[in-house]
Every structure is written in C-alpha cells, then in structure tokens.
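Okay, so chain A shows up in both of these, paired with chain B first and chain C after.
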Partner chain A sequence: MSVCFFLGALSSLLAWWSVRLSLITGHLAALAGAMAGLSVSLGILLGNSANKLSLPLPSFFPFARQSLVVDGLSAYFLLVISIVAIAATVYGPAYLQAHSPEAGPARRATQVLALNVFLACMVLLCCAGDALTFILCWEGMTLSSYALVVSDDQDGENARAGLLYMIMTHAGTAMLLVSFLALTERAGAFDFASIRMAANGLDGTTRSVLFFLALVGFATKAGVVPLHVWLPRAHPAAPSHVSALMSGVMLKVAIYGILRFGFDLLAPVAEPLPPAWGWTVLILGTSSAVLGVLYALQQHDLKRLLAFHSVENIGIILIGVGLAMILWRREDAGGSLATLALTAALLHTVNHAAFKGLLFLGAGSVLCRTHVRNMEELGGLARHMPWTAGLFLLGAVAISALPPLNGFVSEWLTFQAILGGASRFHGPSGLAIVFSAAMLALTGGLAAACFVKAFGVTFLGRPRTSHAEHAIEAPLSMLLGMGWLAALCVFLGVAPGFAMTLLDAPTIGLLHSLGASAIVTAHGPLVLSTALATPGGISGTTISMTMLAILIAALLPLAWMLRRGLRTAPQRVAPTWTCGMVPTARFDYTATAFAKPLRRIFAAIYRPRREVIRETAGTPYVIRRMQYTGDVVDLAETQIYHRIHYGITAISQAIRDHSTGRIHVYIGFVLGALFLSLLLFGGGQR
Partner chain B sequence: MNIEIVHAVIDDLGALLLFTMILIVGASQISRAIYAVAFQSLFIAIAGAVLAMATGNVDLWVIAGITLTVKAIALPWLLLWAIRRMDVKREVEPVIPDLATLTLAVMFVVMSFHLSASLGSVRQAISGNALPVGIALTLNGVLVMATRKTALSQMVGLFASENGIFFTAMAVTKGMPLIIEIGVILDVILAALVMTIMVLRVRSTVDADIADLDRLRG
Partner chain C sequence: MTGDKPLGIVLIEMCILVILGPLVTGIIQKIKARLQNRQGAGILQPYFDLIKLLGKGTVQADTASGFFRSIPVLVLATTVAAGALVPVVQSGPPAFPLGDALMLLGLLALARFLTAVGALDAGGAFGGMGASREMTIAPLVEPVLMMVVFSTALAVGSTELGILAEQRGTSWILAWRAADFLGLAAMLVLLPAETGRIPVDNPDTHLELTMLHEGMLLEHSGPGLGCMLLASHTRQIVTLGLAAALFFPIGPVGAGVTGLLLGLCTFALKILVLAVYLALIESSYAKLRLFQVPQYLGIGFVLALMSLALRIL
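Now for the complex of A and B:
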C-alpha cells in the first residue's frame, strides 16, 4: 500500500518530462494505494473481530522500535480514508487540468507529491502502533496539506490561510506532543502497548491533564469551535479534491486520535472514564454543531460554506463520542447505550466523509468550470451541468439528514443515543443532554435551510454572470469520482444494516462489550432498532431504512400522478410576469436575501454589519446607484482571538517602550538574575 | 612540591587576583584597567604553573603558557593599541557612581565566600580558597561590563570574567581538558578581535560609540 504512495510520490518527478503523465500516474498510484487500503481494512473488519494485523517497520531511529498495528478502530478509519481517497484520486487529474491548465511542471509536481505524501501519512497515522510513527505522520500530514493549501495561490490570500493553518495546528501539535512525551517518558518506550501499561499507573489528575492536552491538540485539527478559525480559510484554498480529503478525512483522523486516547491509551482499567472528559467533549460537540451551521448559513462562498459544515458535522460526531465517554461502564445495562452512541459517531464519520466529499467535489466541478466561488455570481447551473447538479443535490439531501439517505441514519442513531442517555440521568445532567438533543435538532433544520440556499442559488434560477452562463458539464472522470461517493451515500442510507457489521470490530475493540450489529441490527440487517440499548426506561425504537426507501420510491410516482392528474387546464409556457419589465437574473432570490431572516433571528450571535451607499440624483426618490455591503463576524474570532491578539500586541508594545536598548543595562539584568539565583539556590545544600 | 606551600601560594595568588579585580573595578582610566587585567592574567598563569608543578599535569603547563602569551601579553596589547588608535584618554565613563560599583563588588566578593562555604564537596584540597576567588572574579567581571559605557572597558570586564572562569576551573577540576581550554581561549581572542574591529569601524564611520547604539532602537 505504502509502496503505491511512494510510487506516486516518485511519479511527481516525471513532471519535468511530461506534466500530464505525472499527473495521471501520480493519481493512479494513489488510487491503487487507496484500493489496497480498502481491501486491507475490509479484510480486517469483516474477519474475526479479534483480528489484528501487526507489522514491524525497519527501525529508522536507534531509540525507538516502530511498528504498524491495524486493529478494528484503525481499520475502520483506514476504510474511511480509502473511500474518499478513491473518489478524490479519480477526480483529481481532470480537475487540476481544468481548473488551472496554465500551471507549470513545478506546481504540478508539488501537488502530486504532496497529495501522495498526505494520503500516505493519513493511512500510516491510523495504523501507527507507536507514538513516534504517530507523531511523524501527524506532522507529515500537516506539512503536506499545507503545501496543498498554498499550491494554488493567485493572490496572497491562500498563503495567509496556509500560515494561519500552520500556526494553529502546530500549537495544537505542541500540546499533543507534551501529552505523548509524558506518556513515553513514563513508559520508557514508544509503542502503544507499553504506553497503555504505563497509563494504568497514572493517578486521576495526571490522566485528565494528559487527556485534555491531547484533546486540545486533536480539537485544533478537527476544527472544533473555538479552535476552528483556520478551517474555513484553509479548506477552500486547497484544490477541491484535496478539500474533500481534508474535510472528509483529515478531520476524522483527529477524531481517531480522540478515540484512541480517550478509550484506549488513557482509559483506566475496568472503571468509567472521568466524567469531565465526556461532558467536555459533549459540550464542545454541541457548540461546534450549532455555531458551525449558523456561520455556514451566512457564507456565500460555496467552499467556505462547506468548510463550516465540516465544523458542524465534527460537532455531531463529537456529541456521539462525548455521550459514549459519559456512559461507558457507568450503567447497569451492560454498556449497550455507550455502544449505541459510539456507533452513531462512527457511522456519522463515514457518512460525513461520503457526503462532504461528494459536496466538495461537486463544488470543485462548479469551480473549475466557472472559476467563481461566490454563489451570488452563479445560478442556473442545473441546466448546463445536470449531472453535477443532481449529484450535488444528492449530497445536499444527505447532509441535511433527510431520509432515505445516510445522513439521516447516523443522526437518527445519535438522537436515539441522546434520548436514551437523557433517560438515564436525572437533574441538571439529564437536562444538559436534552439541551444537546434540542441543539442537534436545530442544527439539522438549519443545515437543511443552508443547503436549500446553497443548491438553489447555485444551480437554480437564471445565470447571474457570464461565468455561470458559459459553464459546461464536468468531464467523465470527475463525475465518476462523485458518482462513487453518491452511490455510497445511497447504499449507507438504504441499507445501513450492512455497515453495522463493519462497526463491530471498532466498537468491541474500544468498549469491550457488545458490538454494534448486536445492538442496532438485532432484528435483522434491514431493520435498525435500539430496543436492546434501552431496556426498562423508554421502549426502543425501530426503523427500517430499506422499507422507508421503498415507501418513498413508491410515493414518488403517486406524487407525480397527483400533480399531473389534478391539473385539468391546458398548459401554456410563458415567461414569468414581472409587471411589464423584462425579467433579468437580478430578480432572483440571492443568497444574502435567503439568509436574511435567520440573520435577524440570530443577530445576537452574528453581530451583523451592513452598509448601504446610495447615490441619488438630487432628490432622494431617484436613486442612480446603490451599493450594499454586509457581513457577519465569527464570535470566536472577535471575542477570543482578537482579544488575545490585542493583549499580545499591548504587552509587546509595553516591553518595547520599556526596553532601553543599552547593552550594559541588559548585562546588568543578567548579572542581577545570576546574583539572585546564586543567592537563592546556591546556599541550599549546606 | 609540598602541599602546604602550594596552598599558601595559591591563596596568596588569589589575594593578588582579588586585588587586581578591585583595581579594575575602581580604575578611573581605561589604560590602568588594561594593565590590571594583564597582571591578573599573569597571576593566573603563575597559578597554573604552580599547580602544574604540584600535580605533574603537563596540560597545565601548556595552559599556563597560552594564558601568559595570549591573555597577559597579546590581548592587553591589542586593547592598548586600539586606545592609541582611537586616541582616547578619557575616563572609563561609569554608568553608576564609582562608590556604588565598588560597594557592589565588595558585596559580590563576600557573597562568593559565603556561597563557597556551602560547596565544600567540590573544593579541592590542593587549591584552598581558589573557588570563592574564581566566582568573585567572574561576577565582578560581569559587573564591570554592566557598569561601563564604552565598549573597550566592557571588553576589559569580559577578560576579567573569563579569568575568573579559568581560575574556578583550575580550582575545582585541576584544569579542564586541554582541548576545551584552547577552545575557550580561541573564543576570547575572536571576541576581542570582533569587538575591536567593530569599535574602530563604528567610530571611523559614524563617530559614535557602542553605547550610542541604543539610538537605533525602533
């Protein structure tokens, strides 16, 4: 597998000879790697649940033995990576050619090389069997994705986005590194088995401190509010298939890290996790979900909007993870509710990877044909790019959690887990869980509204600019890449029971109790039920996605017949009546206008700013030109980051004002410090 | 050589070193400070030779020789040459009053003796009171650097501080390995060369002293 990625990286060298050839061989090699990853992970997930693949690596460093260990959890994330990687590599070459045909060999070579390194690092990261490999791959992943973010730079903006990304993730990595080093120091070795042993001897406070350090590190990468500020800038800046990978997969790698640390490395033996862990994750998840979708609503840049939705979906996943952390080993029902929550989170992981990948690829198709990211300059694309529009619509329905697609399944499971959890807790904690359920519901509704806007403004109506007017359908390979993910969305939505078998290995491996399929698909693979998870309390709920899909399919012709059949008057095609004026594209509903009601409702969070400049001809009733500008602020950005920024600036200014610049004063400081420390510590051991 | 004689010689030399140090701190003319530091280096070279005779360590002979040629002769000569070249006869330009500097210097000396009492385990039987003297020299050298405005007098401070480190090393470990001593000496030579060149250059191009560099502050 890694051989393929290595070959892909090598093929970037070919770019000096032929740009096109290197592009295709590089992506083909990556595709082969992804296929290999898919087969490895499926082999492990479908095999015996105790199955583990372990592979010693040649030792590069004298002080650590490196190895790859693929257990259930690793294999599951490997599967997620491979799924999106297949789509992205099929999609990539045509996209890069169409989007920036003028790029020289150097840029192409960088892109191909970075893509292969990026994929290889993610794959190896999930399979890492020791801390050193983990950290190395983590850094490799960051660096190569940084290279991809800045590879497509026309103005300085991508470079700035990349810089912000670098700074944020490195700050996060520093935290992670502290946690890892503390553990390896204690264990005396780098491999996870000895770290696990060492973690057994930790006392509660140390354990929690280490977990929270790691959580900050992973949350930065996952784009959890309030550490998300880099995400909406960096993701849109990368080439679209890389955005799909970053959004669909790279964030999941951080989830993998949280799961690995929380449930595996740092978990106490046969005891529940400290309650603070789960609650923190739950609260972070809830706030990310709500704020992510709220900010997504006000974005008019298609890819930026999708990036904010990643924040939202990470939030949903974290709600499941947090719930599982709270409930694990804490209930009398044998941990089945925790399994349900974790199943929901893991299922949403793969679902989000599928539909977010699909949406980013769709956005990429639009981008490479129109070279415009702002929705207000698009419109009417459904006529010119019907396949892209259809696939994008499918993704939009999936992300809005509408049946019968996959987003619905995992959000339904999350809801079941939350409601089950709420019935277990009484008092404030139960209320908090219910609140989180309400927020999740709000998130779903807002997401639907957001995608009505995104799809409607981009693909329906009339083209607003000539960019949109002259768009043509995307090439076949790009459609193929999207089609693969769309097929997965439908499959996971219609027959989710089959995915549950895949979830057995990770859930059993992490929680050491019943597997996912034992709980969720107890009534056969086509029926989802939570009956086993909630004995006593409230009775379980059962739903069959397949029957639902058949029902919807059966209702479609009925609806069509009703629509056709009830219309008795003869049809006549005529332009829309617009009070005698000739209709233009500017009459269409704009994205800004669509989001306006919500902007008013949530004004406390958005703090909207608007400015209208009127140019009148003498009298206020005749307006020559009118200009409207408005934007909303990111609360985390203004309330946290700007304050930190001002604080640092103020301190630096103060230091600068008080520093004299005289050498002897500085020497004096050194002398004073030396004198004091000698005085304080020198006489200690008398 | 008898161990008690060595003791006595090293202690006497330590007293002389402290005396030269006080001379450096209190010197009102820069050339006097330079002569004082040259004598200080000479005493250190003698101390090295005495220790070499007592222990039979050949390396110490080499070190003593290098100290004599480089620190007691070559570098002071360089500094004097620079002064003549720049034609400065002026005072050393202290930052704080001389009396305050001297008080501080006395405080440092007292503190080093106080401190070294607690460091009994590292003291060598052979070198007697060398350790507190070394610490005092080091600290006072830094003090000179901190309280003088002109670059040349700061350089004198650097040499004195360097001498202190040398003496401490000799006292505690019977001399560091030869290669390290040579490296340290080379560092000092390099620092002296760079600083001299810089002082001359700055003076010849913009007619300012190092102390005026604070005007560059943004």
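Now for the complex of A and C:
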C-alpha cells in the first residue's frame, strides 16, 4: 500500500517530462494505494474481531523500534481514509487540469508529491504502532497539507491562511509532543504496548494532565471551537479534492487520536475514565456543533461555508465520543449505552467523510467551471450542471441530518444515546446531557437552513454573473468521484445495518464490551434498535431505514400521478411574476438576505456590523447610489485571539522600549535565564 | 421493540390521515368563520379546491430548473410517509418497525427543506423571502419539539410513538405528573408554529409582510400546487396526531373491526379538540412580528426545559 503512495510520489518527478502524465500516474498510484487500504481494512474489520496485523518497520533510528499495528480502530479509520481517497484521486486530475490549466511542471509536481505524501502519512498515522511513527506521520501530514494549501496561491491570501494553519497546528503538536514524551520517558520505549503498560502506573492527576495536553493537540487539528480559526481559512484554500480530504479525513485522524489516547493508551485498567474527560469533550463538542453551524450560516464563500460545517460535524462526533467517555464502565453490567454512543460517533465519522467529501467535490466542480467561490456571484447553475447540482443536493440533504440519508442515522443514534444517558444520570448532569440534545436538534435545523441557502443561491434562480451563465457540466471522471460518495451516502442511509458489522471491531477493541452490531442490529440488519434500561424495565426504540425508504419509493409514483393531474391540461412557461417589472437576477434572494433573520435573532453571538453609505441627490428622498457592507465576527477570534494578539504586541512593544541595543546585556539575559532554569529544574537529576 | 400491529393497519392509518387532512383544515376554517360572524365555506371546501387544482393546467416559471417539477412529488411523498408513523386507530408498535418520533420530525423537516429549495428555484423575491423565514423559524421550533418528545420519552424509555401512545392509554390525566402538564403546555405553544398558523404564520394570506409558508408556494400552480396543498393538510394532521399520541390516550383498544372503528372515532375526537384549539387561538390573537416569534417560541422552550428538568431531577 505504501509502495503505491511511494510510486505516486515518484511519479511527480515525471512532471518535468510531461505534466499530464505525471498528474494521471500520480493520482492512479494514490488510487491504487487507497484501494489497497480499503481491502486491508475490510479484511481486518470483517474478520475475527481480535484480528490484528502488525508489521515491524525497518529501523531508521537507533533509539526506537518502529512498527505498524492495525487493530480494529486503526482499520476503521483506514477505511474512512480510503473511501474519501478513492473519490478524491478519481476526481483530482480532471479538476486540476480544469481549474488551473496554466500551472507549470513545478507546481504540478508539488501538488502530486504532496498529495501522495499526505495520503501516505494519514494512512501510516492510523496504523502507527509506536509514538515515533505517530508523531512523524502527524508532522508529515501537516507539512504536506500545508504545501497543498499554498500550492494554489494567487494573491497571497492562501499563503496567509497556510501560515496561520502552520502556527496553530504546530502549537497543538507541541502539546501533543509533551504528552507523548512524558509517556515514552516513563515507558522507556516508543511502542504503544509499553506506553500502555507505563500508563497503568500513573496517578490520576498526571493521567488527566497528559490527556488534556493531547486533547488540546488533537482539538487544534480537528478544528474544535475555540481552536478552529485556522480551519475555515486553510480548507477552502487547498484544491477542492484536497479540501475534501482535509475536511473529510484529516480531521478524523484527530478524532482517531482522541479515541486512541482516551480509550486505549491512557485509560485506567478496569475503572471508568475520569469524569472531567468526558464532560470536557461533550461540552467542546456541543459548542463546536452550534457555533460551527451558526458561523457557517453567515458565510457566502461556498467552500468556507463547508469548512465551517466541518467544525459543526466534528462537534457532533465529539458529542458521541464524550457521551461514550462519560458512560463507559459507569453503567450496570450488560449496559449498552457507551457502545451506542461510540457507534454513533464512529458512524458519523464515516458519514461525514462521505457527505462532506461529496459537497467539497461538488463545490470544486462549481469552482473549476466558474472560478468563483462567492455564492452571490453564482446562481442558476442547476440548468447548466444538472448532475453536479443533483449530487450536491443529495449531499446537502445528507448533511442536514434528514432521512432517508446517512446523516440522519448517526444523529438518530446520538439522540438515542443521549436519551439513554439522560435516563441513566439523574440530576444536573442528566439535564446537561439533554441540553446537548436540544443543541444538537438546533444544529440540525440550522444546517438545513444553511444548505437551503447554499444550494438555492448557488444552483437555483437566475445566473447573477456571466461566470455562472457560461458554466458547463463537469467532466465524467469528476462526476464519478462524486457519484461514488453519493452512492455511499445512500447506502449508509438506506441500509445502515449492513455497515454495523464493520463497527464491531473498533467498538469491541476500545470498550471491551458488546460490539455495535450486537446492540444496534440485534433484530437483523434491516432494523436499527436500541435497548434502554429504565426504571420500568427494558424498553427501546426500533426503526428501519430500509422500510422507510421502500415506503417513500412506493409513494413517489402515486404522488407523481397526482402531480400529472386528473386530466391533460395545457402547460405554459412564463416569466416569474415580479410585481410588473422585468425580472432580472437582482430579484433573486441573495445569501445575505436569506440569512438575515437568523443574523438578527442570534445577534448576541454574531455581533453583526453594518454600514450603509447613501449618496443622495439634493434631498434625502432621492438616492443615487447606495453601498452596503456588513459582516459578522467570529467570537473566538475577537474575544480570544485578538486579545492574545494585543497582549503579545503590548509586551513586545514594552520590551522594545527597554531594549538598549547593547549585545553584552542580551548575553547577560541569556546567561541569567540559563542559570535560573538550571537552578529550578536541575535539582531532580542529582 | 416489535409489536403486533400488522403492516396493513399502518398503511390504512396512513390513508386515513391523508384523507382526513383537508377536512381538519375545513373544520378550522369553518370555526374561524363562525367566530368572525361569517357563514364561511363548507367544511368540505378544501377537497373541492384540491380537485379543482388537480384538473387545471400549469404555468411554470421560465427560470425554474428541472428540480422544480419534482418538488411537489417529493414533498407529498415524504409528508405522507411521515403519516405512516403516527398511531391512529391502534396503539402499540407495528409488527415491522418503521420509524419513531425523531424520524417523523426528520421527515417533516425533509419536506420543509425541499419546499424551501423549490421556493428559491423560481427566482422571485417572494419565494426567497418565504424560504428564508420558514428556515429561520423551523430551526427554533425543532429543538423545542424534540425536547417535548424527550420529556415524554424519558418516562417510557422509547421514542417510538406507538409505545408512547400505549403508555399514555394506561395512565390518563389522574396519573399525570407536573412534567406532563408542562410538556403539554409546551406542545400547545408549538402547535401553531408547526402547523403554520397565527400567531406565527398566517395561512390565509399571500401578503408579503405576514406570510411564511404560503410565500414558498407562490410559483407552484395547477396539480403541483394541489400536491403542495395536500402535503400541507397532511402535515397539519400529522403534527396534531403527534401531539395526540404524546399526550392523549388512544382510547379503548379492541380487537377486530369494532375496536378499530372505536379507535378511529377517538382519534377523530382528539384531532377535533386540537383543531378547535387551533381555530380559537387563530381567532383570538394577532400575528406576531417575525422577530417576536423567537420570544414566543422561548416560552415553549422554557416550558419544555422545565418539563424535562422535572422528569430528570
């Protein structure tokens, strides 16, 4: 598998000979790698649940033995990566050609090389069996995705986004590194098995400190509020199929890290996890979900809107993870709630990968045909790009958590887990859990509103500019890439029971209790069910997505017959009525106008700013020209980052005021600092 | 939890809902007319309207894309499918599981999503305005409705409407606790919002200042409009059915045809009570300004939250 990625990376060298050839071979090699990853992960997930694949790596470093270990959790995330990678590599060549045909061999080579390195690093990261490989791949993933973010730079905007991305993720990586080094130092070795052993001897405080350090590191990468500010800038800047990978997969790698640390490496042997862990994750998840979707609503840049939705969906996944952490080993024997919550989180992981990948690819098709990302300049694309529009609509329904598609299934499971959790915990904690359910419902509704806006303004109505007017349908290979993900969305929505067996290995591996399919598909693969232990005995809920889909499919022809009418009557096409004026594109509702009521209702969070400049002719009643500007602020950005920024600026200003420019004073400072640190920290070594 | 309600009865219940849907609208209109000292149209008028529309030709906006024609079909099918999830004549879960209260809310949300998408298709400002407002109110209603469902579901441990209705059938108002009353109050606050009636929306007008849902239907015509209207009627009765299943007992559950008929009568009675409630509210209040609706829904939110808190604490 890694051979394929290596070949793909090599093929970037071909770019100096033929750009096109390098593009195609590079992506083909990555596709082959993804296929290999898919087969490996399916082999492990469908096999015996205790199945593990371990593979020692040749040692590059004298101090550490490196290895790859693929257990259930690794294989599951490998599967998620492979699924999106297949779509992205099928989609990629045609997209890059269509989007930037003028790119020279150097840029193409960088893109192909970075894509292959990026995929290889993500795959190896999930399979890493030791801390060193994990950290190396983590860093490789960051660097290669940075290269991809800045590869498409025209106006310096992307370079700035890339810089912010680098700074934020490296700050996170530093936290992660501290956590890892503390563990490896205790274990005396790098492999996870020794770390696990060493973690057994930790006391509660150290354990929690290490977990929270790692959590900050992973949360930065996952784009959890308030560490998300890099995400909506960096993701849209990359080429669209890379955006799909970054949003659909790279964030999931951080989720993998949280699960690996929380349930595996740092988990106490037979006790529940410290309550602070789960509650922190739950609160972070809830706030990410709500704030992510609220900010997404006010975006007019299609790809940026999607990036904010990634923040939201990571939040939904973290709600499931947090619930699982809270409930794990806290229920009575035979309890199934932790498994249910973890199943919901893992299922939402693959679901989000599928529909977010699909939506980013759809946005990419729009971008490469119109070269416009601002929705206000699009419109009417559904008539020129019907297939792209249809696939985008499918993705929009899926991400809004509407039945019968996959987003609904995982949110349903999350709701059921929340309901179970609330009946398990009485008192304020139960109420907090239910409150997160209400927030989740709010998130779903707002996501639907946001995607009505995104789809309606981009694809429907009249074209607002000539870019949108002259768009043509995307080439077949791009549609194929989207079609694969759309098929997955439908499959995971209509027959989710069949996917539950894939979740067995990770849930059993992490929680050491019942597997997902034993709980959720206890009544056969066509039925999803939950069993809750309540004071009045065991009860539960069962639904069948398959039956519902059949019902809707059966109702469609009946409704179509009604739609045809009782008798054949004339059908006319006429212009839309616009109060007697000639209809133009300016009558169409804009994205800003669409989101305006919600902007007013949630003004406390948005802090909207608007500025209207009127140019009047003599009297205030005759307006010649009017200019409106308005925007909303990101609360995290203004309240946290700008303050930090001002603080740092103020301190550096103060230092500058007192700096004399004499070199021996500086040397004195350095020596003093060295002396002080030796005095403070050197004591332990004696 | 699989029960013993055969699939046939589920389908019959679905048909009953679709058939009775326009009647509920007709009754509400009649009561409103009487309260306004008017004679009013007959209660069967919505049926005549539907038949008239289904026989008419269509005028389609020239800017509308291919999606536009299929929107009424999709909306009607999803709304009717939601009707299959409401227990009507017999409580208890169906023999083959179909969906629960969350699924019902999801299907109604899907219908709303598609309607709003269709409204943006024609490219007129009215459609966009309607869609924008509807999608503003809906995300605020949904969480509260979800909390009301949860408040009832927590006592039973299931979100399946059949089980919830069955549970309610065995414990009528004497056995109610404070949480149930608060939940019912929240539901009554939400009902006008979810069925698109005053004080949240005004179903009788196409005036741009007041409309939400109607604005989205402006560009539909002929059979397409008929489908959309039928979907609205069905949506209304489904929402009332949800409230009935959550808070009213299903009545005597007898075997055989008489039992089913009795069930049907009690269902009709419950829906009638709720319909009268809607008509009274609509006749005695003015429509709220759009930006006051969140405060109004806030009442529902607080009630639902208190209901949940009492249930959990």
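Criterion: the second predicted complex is superposed on the first by the 644 of 686 C-alpha atoms of A that agree within 3 Å, B and C clash if a C-alpha of one lies under 4 Å from a C-alpha of the other, contacts with A are read in each partner's own complex, and residues count from 1 in each chain.
To be clear about the criterion, a contact is a pair of C-beta atoms (placed from the backbone, for glycine too) under 8 Å apart; a residue touches a chain by one contact, two chains touch by 3 or more.
The structure displayed is predicted, hence computed values, not measured ones.
Asks: Check whether A:Asp588 is in contact with chain B, with chain C, with both or with neither, and answer first, second, both or neither.
Replies: In the superposition, A:Asp588 touches chain C alone.
Asks: Does chain B (first) or chain C (second) touch A:Ala307, or do both, or does neither?
Replies: Touch status of A:Ala307: no partner.
Asks: Which partner does A:Ala438 contact after superposing on A: first (chain B), second (chain C), both, neither?
Replies: second
Asks: Which partner does A:Leu674 contact after superposing on A: first (chain B), second (chain C), both, neither?
Replies: The first partner, chain B, only.
Asks: Once chain A of both complexes is superposed, is A:Val112 in touch with chain B (first), chain C (second), both, or neither?
Replies: It touches nothing on chain B or chain C.
Asks: A:Ser659 in the overlay: touching chain B, chain C, both, or neither? Say first, second, both or neither.
Replies: In the superposition, A:Ser659 contacts chain B only.
Asks: See if chain A has more residues touched by chain B or by chain C, and give me that chain.
Replies: With both complexes superposed on chain A, more residues of chain A are touched by C.
Asks: A:Leu393 in the overlay: touching chain B, chain C, both, or neither? Say first, second, both or neither.
Replies: Touch partner of A:Leu393: chain C, not chain B.
Asks: Return the residues of chain A at which the contacts from chain B and from chain C coincide.
Replies: none
Asks: Under the touch definition given earlier, write down the residues of chain A that touch chain C in their complex.
Replies: By the definition above, chain A touches chain C via 379-380, 382-383, 386, 389, 393, 397, 400-403, 408, 412, 415-416, 419, 422-423, 425-428, 430-431, 434-435, 437-439, 441-442, 444-446, 448-449, 451-453, 455-457, 459-462, 523, 527, 529, 532-534, 536, 538-544, 547-548, 551-552, 555-556, 558-560, 562-567, 569-578, 583, 585, 587-589, 593-598, 600-601.
Asks: Please output the residues of chain C touching chain A within their complex, sorted ascending.
Replies: 1-2, 51, 54-63, 65-67, 69, 72-74, 76-78, 80-81, 84, 93, 96-100, 102-103, 106-107, 109-110, 112-113, 116-117, 119-125, 127-129, 131-133, 135-136, 138-147, 150, 153-154, 156-160, 163, 218-219, 222-224, 226-227, 230, 290-291, 294, 305, 308-309, 312-313
Asks: For chain B, which residues are in contact with chain A within the complex?
Replies: 95, 108, 111, 114-115, 117-119, 139, 142-143, 145-149, 154, 210-211, 213-218
Asks: Considering only the defined contacts, which chain A positions touch chain B in the complex?
Replies: Its residues touching chain B are 656, 659-665, 667-668, 670-671, 674-675, 678-679, 682-686.
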